[in-house]
Amino acid sequence: MTEPLFIIPFWADLLGVGLGGVQGAMFASGFQGQRRLDLLGVAIIGILIGMGGGLIRDLMLGQPPATLQNNWYLVTAAGAALLGMLLAGLLNRAGPAIVGLDAVVIGMFGAFGTSKAVGLGLPVVPAVFIGVCAAVGGSVLRDVIMGLPVAIMHVGSLYAVAALLGCTAIVGLHALGVGMVIASVIGIAVTAVVRVLAVIFDLSLPEQRRLYRRKVAAETGAIPTVKP
Amino acid sequence: MTEPLFIIPFWADLLGVGLGGVQGAMFASGFQGQRRLDLLGVAIIGILIGMGGGLIRDLMLGQPPATLQNNWYLVTAAGAALLGMLLAGLLNRAGPAIVGLDAVVIGMFGAFGTSKAVGLGLPVVPAVFIGVCAAVGGSVLRDVIMGLPVAIMHVGSLYAVAALLGCTAIVGLHALGVGMVIASVIGIAVTAVVRVLAVIFDLSLPEQRRLYRRKVAAETGAIPTVKP
Amino acid sequence: MTEPLFIIPFWADLLGVGLGGVQGAMFASGFQGQRRLDLLGVAIIGILIGMGGGLIRDLMLGQPPATLQNNWYLVTAAGAALLGMLLAGLLNRAGPAIVGLDAVVIGMFGAFGTSKAVGLGLPVVPAVFIGVCAAVGGSVLRDVIMGLPVAIMHVGSLYAVAALLGCTAIVGLHALGVGMVIASVIGIAVTAVVRVLAVIFDLSLPEQRRLYRRKVAAETGAIPTVKP
């Protein structure tokens, strides 16, 4: 591969981390009463969402975590979280803009993960897998630490699927000879668009089914409600 | 160590991953109603159980995750999970066969972990520890992600203990000069037999006790039921 | 950097692991009834608390986990946990001594993390971050595995803040030219003192606030109780 690797631009990486931190703070602002968070808790959530996906990506790649080689990632994630906390009232009113930003951030984390994996010579399937883990890893860590049901595991709007499609687009375009920078930009766009459409149209994946239930349904013309 | 290392055969490794995926799907099929999983959720559970233990093993060994160097592990785990989902009704009726298969899979994950650790020159205690983590790691990850109580932490059938005995057998036999392949096969058998016997006879470890409670019990002839 | 690194003395490292193990057992002894732990569960909690922070530290540093290069760490952590279990009745009566010991252990884990990170050439912010993660990581893992709310995330006594101050003191003193050994001892003292004072005076961090709530409060002279 003599083609230059897709080096994640430092400003883009920091942007993703900062947007993740803001998002974390807005998430934290939803907790009231018994489960309310203190200032450190808000900063931790911001760091988890802003940097968690990148940490998981680098651990899976066997690389030293990029976000820990530099002072700015942690400062940006924690600072963005505390700023986001102060502005939560304002930001909550900017709902649609936030959904859009969030979708772009997921796309960026996914694209950085997949392109870094491809650059290190991993095969396409693990490269896509690492991209998806980088995209959703921060929010999984957040949910586990907060003791919440992990959002991506339950029927809902296509969060992980959006990342999966975007990362698949990147390796597909790269295999077709498209340069990694362009492939990554397209991948980010795919993820963001799928995610935003999923929110707008309230789409979800089909639930798990079993063959015999579908047969029964076909015969009787109805899905049985008994618990199998 | 001039003795050839126990190289995990690729087919055996994929077999373990695939069986783990099927198991994950059967586990996922138990969720109904509010907590039901979508197709991606089923695939994620399959990947967690099939590949989680190996990931934890390689992270602890400071090695790049073996299951991410190759397309087939992810394809096998996710494919097996989706197949298992379709066949869950059938498989649930094959209960005893599944318990046996499950026991062999735990034994395989444990043996691969311990033998890889020994091959990399780790001392015996960490080698056994890594084997046990590889054996139970996938199901711990599954429980954490699903928000369930972690099965191995509570009084129940000897899941982790079976892996502990099997992995200890491997390092013990290896120390006595037995080759790693034979030691590993015996270790897998030990784990599988202990696990199956534990299920059949509903065995469990003694619960935690305190010295003074035992003294009281010895004096009065009964275990006191008051919460200390 | 020609200055000799702060090499963590083996006895100090084992001491921290052992004290962590005892603490884990005392924690486990609080579980009765449905959630009671078996012997292996107690040993696992001891290993998580005694070794979890060090594992997280080494993963973040991209180093092979130090506690797995040697038989003694696991033996010490598990042995201390089982001993602690037998003596839990006794130890529970020694509450204040335990709080003090606990505070010193957190300080040690934090200092070892930060000094190892500095020794490997990491910038100061990630070095402090890794120290805090090493200090609180074991108890976070414990809470996640036990399905409990993660203690450091909620308003309470300054557990993570104590580690943050101690680790910050270390990099601050080191930047001023103080040798790493002396800086680490001071850092341990800072963490321990802050933690003990926080327990004695029942201190906590301010909760999250929003600018507009504070404005409303300033105008009306009261914090509004309505959920925003």
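As written, the chain order gives the labels A, B and C, with residue 1 at the start of each chain.
The working rule: a residue touches a chain if its C-beta (ideal position, glycine included) is under 8 Å from a C-beta of that chain, and two chains touch if they have at least 3 such contacts.
Since the structure is predicted, the reported quantities are computational estimates derived from the model, not experimental observations.
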item: Interface residue overlap between copies chain A and chain C, same or different (over half shared); value: different
item: Magnitude of the superposing rotation for chain B and chain C (Cα, nearest 5°); value: 120
item: Cα-centroid distance, chain A relative to chain C, in whole angstrom; value: 29
item: Sequence positions of chain C contacting 2 or more other chains; value: 59, 144, 147
item: List of chain A residues in touch with chain B within their complex; value: 59-62, 122-126, 129-130, 140, 144, 147-150, 152-156, 160-161, 164, 204-213, 227-228
item: Partner chain C, residues of chain A touching it in the complex; value: 28-29, 32, 35-42, 44-45, 47, 55, 59, 63-65, 67-71, 73-75, 85-90, 144-147
